[in-house]
Amino acid sequence: MVLRRSQVAQMVESRWFSNTMLVVILINAAVLGWATYGGSAQPYLVVAERIVVGVFVVELALKLIAWRGGFFRDPWNWFDFFVVVISVIPATGPFSVLRILRVLRILRVITAVPQMRTIISALFRSMPGMGTVIGLLLVVVYTAAILGQQLFGDDVPQYFGDLGTTLYTLFTVMTTENWPDFADAVAEDHPLGWMFFVGYIVVTTFIVLNLVIGVIVTAMEQEVESGLWAEDQKLEAVQHEAVMAKLAELSEQVARLDRMVRDHGGDPDAGEPVGQGAGVAHDPVQPSNGSG
Amino acid sequence: MVLRRSQVAQMVESRWFSNTMLVVILINAAVLGWATYGGSAQPYLVVAERIVVGVFVVELALKLIAWRGGFFRDPWNWFDFFVVVISVIPATGPFSVLRILRVLRILRVITAVPQMRTIISALFRSMPGMGTVIGLLLVVVYTAAILGQQLFGDDVPQYFGDLGTTLYTLFTVMTTENWPDFADAVAEDHPLGWMFFVGYIVVTTFIVLNLVIGVIVTAMEQEVESGLWAEDQKLEAVQHEAVMAKLAELSEQVARLDRMVRDHGGDPDAGEPVGQGAGVAHDPVQPSNGSG
Amino acid sequence: MVLRRSQVAQMVESRWFSNTMLVVILINAAVLGWATYGGSAQPYLVVAERIVVGVFVVELALKLIAWRGGFFRDPWNWFDFFVVVISVIPATGPFSVLRILRVLRILRVITAVPQMRTIISALFRSMPGMGTVIGLLLVVVYTAAILGQQLFGDDVPQYFGDLGTTLYTLFTVMTTENWPDFADAVAEDHPLGWMFFVGYIVVTTFIVLNLVIGVIVTAMEQEVESGLWAEDQKLEAVQHEAVMAKLAELSEQVARLDRMVRDHGGDPDAGEPVGQGAGVAHDPVQPSNGSG
Amino acid sequence: MVLRRSQVAQMVESRWFSNTMLVVILINAAVLGWATYGGSAQPYLVVAERIVVGVFVVELALKLIAWRGGFFRDPWNWFDFFVVVISVIPATGPFSVLRILRVLRILRVITAVPQMRTIISALFRSMPGMGTVIGLLLVVVYTAAILGQQLFGDDVPQYFGDLGTTLYTLFTVMTTENWPDFADAVAEDHPLGWMFFVGYIVVTTFIVLNLVIGVIVTAMEQEVESGLWAEDQKLEAVQHEAVMAKLAELSEQVARLDRMVRDHGGDPDAGEPVGQGAGVAHDPVQPSNGSG
């Protein structure tokens, strides 16, 4: 039994298995796309879809058999699990909702391609770094919305009627789309209304610019730090150690030499070795030398 | 008295206090937002607003008690002070103005969140760096405005009537919004008018591009210089000192060795001392050596 | 014969030859441009075009004579070959197609200017790096298209009728062009339709931003790695070797010194040799020393 | 005379002089701006303008007196010279032209502010680096224009009538402005026309992106290379020399030591000298040693 399970694990983790699943996912995507054209192919597409879902269920079952509880350690598996469950629930409940959630199956491409998983993870990791700037952007936009609604709300309700409308308007302005229309509508009653728009565009553009720059700089630094930098630091350390080792060896040689010299023309008070802090007393050998 | 003041300071500087204030600020923002929808909730919102202002006043009072004059050393406090004062002034003067300045209270989020304060400071610091490029941009836009007004002012007054109108038109063109409309309006009387717009778009885009690049490069350099760079420099210095110390020790050893050798079996031509730290007295052995 | 071929090769590879061809290519481009104005010049332009094609054929022939099979090793030559062949085929087949493919001749500027070839190669090399992010972008857009078609397909067929239409609409939205029009059209039946557009714009912008950043970071790193970095690594290596060499020399000196000392005044406990390269025979001097 | 000239030079190069001129230039700009509003101030503005021009002439004269030929070594001075000459020529020729060239006087701000001169120079220097990519962009746009004119010229003459019109249309598309309108106009007769626009937008965006990245990377590298890099290289060199010097000293010490040892207690097999710089004559002491 254990053996069979290990075999399943082996198969599930094999290259061809994941590739096959990727193909199935892409077929499913194509089917969903084709289905948007309706026409006579519809019934066949429905069948195809059923088959795809069946394959997904089998895949899920195999993975559960292979990894058991381990399956749920990976959040990506949670996503796959959720998507498949959604697909098999009979569409008796609110139909449109389930039909719509089918599109999530296309996103399984991301879970099926490791590189994409990496990128998504990277995106989520880079989030906190941008958090403050995005927060600042939201504060500014919100403040501008309240301000705009109070200034123009009564005269231009279609754009500045309430908070929601104004936020939508300001989002549109942030994409620099149709903002002159809003500005003109406002200008009729507020000759200085242009200041609001110009100021808003300049400030938000400036913040967004800083957001982008921040991200680039952070990314660069991490890249450098983890990559070339560490490498260089290591190299320098290695070289440094090599030099220090060689020097230690040398001083060892010299110390030994000095020991020898002392022993051969031995002086009693040469107890302490040479190296640091070795003051040399007057030479006792001399007299014995005079003998003869 | 001093004690009670220190207690106040402790409280004012405590984590929970600032968090509470942040919550109050956010509530205030929500209230202002809700108020834009008018409706029956209005009176309650007015009450809520009064309460919020009250809290702000208390906070201000506590901080003034705690820090006294020190309170005004931080420009951010000036901002808070100004905002609160605005809020408590009875709205007898030009009403709309005061109602509008209420939105500044939302910006207190920035003073309440340290990270945001940091970013804002960073933005202001990065200003001078961009100053020249922005100045250049303004000069170019201003020149283009004068030029455009002189060229098209008479024929297309709605866009190039006077300096103000033209500047507004050119700002719109800079956001690449509706510029073909202006160009078409001009084209009727000026077949070569397109050159003005194309040239203007190319030049301003180019300057803005250089502005962005400049900011990125500067940011990167500061980042690197303050971070990895300094670190690396320090490391290299440490390693260097280690090597030099080891070398000094070695030469000390050798010098001593040489002193010993000379003392014990002196040679005639060893008049000059060896290296540093090798003070050698004249050799007494030599004569006795000649004996016999 | 070999000689004449080498002469041809020399000529074909000469500076003036490539420059001449560049001029011809530019003339051809000018002719094609002029031809768009039709008018009485048409017949002359046709002649000019014929001449240009003739020159291209001659160039091709010369290169084939000069390099023979080697000619087809460079993909750029394949492009040139294809372009010329297209030009000489009599336009009896579907005329418009051939007339249209004539424009490819303009792109010969790229094959004629080395720097441009370099850039194009760089672009293609940088492709794989961006591959995953672009893939992610496509997945997101495709999913959004399926979703949009299912949500709004029935009510706004002109924008979300089927997959193709929806993809085109979403591409337009990605250029932030006219998206409010789509949003308004949708808003009539779907009050929450704005969420789809805002979400789509935010997500795609975010992915594109990450794409750009990724490219910049990668480019920077390669630049640094290949350029300054390697240089620095080399310098450090050179310096390191110099130090190590010097140290080896020193230890060699010391070792020899020590050999000498032992030989001359042998000490009993000097059993172990000193440093490397200091093999010491038993001391012959000693006995003579004991004499007296 | 020489003295007075040196005085003039001193004045012309003084801080207050350039500042005064800057003020005059700004006044001139303000006057030109005010003039666009016409009205009763006109005559006074004309007078003000005359005065400004007068000041410029005086400035020019002083500089010519001070620097003589040297004045024309700086291209910026050429610009100032040209601008002033333009201003003094009686507007008898084509009037509008001269009135228009007056705006160039505003650009004198750039020549008056050193930082701006620096930036402009930097822009021009960075040009060649981008040259190839810009060239590539032009080739692509030109090719697309020829292609577009051939494909849609007959059916949509208002946008693709001839080369000029098409180039203008494609420039507009590149600013992603109104491109859907062009696409719709084309779509009537060319159901696949969207491919042309989508392809064009993608390709040009891609090239522009690479242009930006290229500029950033180059700028960064120069920045780093000239700044931190050189500094680091220098530091490393200094440290390296220190170590090598110390090592040389050491080996000198050892060499001397070895000379001494050989001299004093000579061993037969110590024929070869130790290290460099240790030339040792055969030992004279030895015989005397054997005595007794």
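Chains: A, B, C and D, in written order; residue numbering restarts at 1 for each.
Throughout what follows, contacts are C-beta pairs under 8 Å (C-beta built on N, C-alpha and C of every residue); 3 or more make two chains touch, one makes a residue touch a chain.
Quick caveat: nothing in here was measured; it's all calculated off a predicted structure.
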Farthest chain (mean CA position) relative to chain A: D
Equivalent-chain rotation between chain B and chain A, CA atoms, steps of 5 degrees: 90
Proportion of interface numbers common to chain A and chain C (over half same, under half different): different
Rounded Å distance between chain C and chain D, as computed from the means of their C-alpha atoms: 26
Chain A-chain D separation of Cα centroids, rounded to whole Å: 36
Chain C, residues touching no fewer than two other chains: 176-178, 216, 220, 224, 232, 236, 243, 247, 250, 254, 257, 261, 265, 292
Chain A-touching residues of chain C, taken from the complex the two chains share: 132-133, 135-136, 139, 142-143, 145-147, 149-151, 153, 162-163, 166, 176-180, 194, 198, 201, 206-207, 209-210, 213-214, 216-217, 220-221, 224-225, 229, 232-233, 236, 240, 243-244, 247-248, 250-251, 254-255, 257-258, 261-262, 265-270, 272, 274-275, 278, 292
Chain A to chain C touching residues, read off their complex: 29, 32-34, 36-38, 96, 99-100, 103-104, 106-107, 109-110, 113, 115-116, 118-120, 122-123, 126, 168, 171-172, 175-178, 212, 215-216, 219-220, 223-224, 227-228, 232, 235-236, 239, 242-243, 246-247, 249-250, 252-254, 256-257, 260-261, 263-265, 291-292
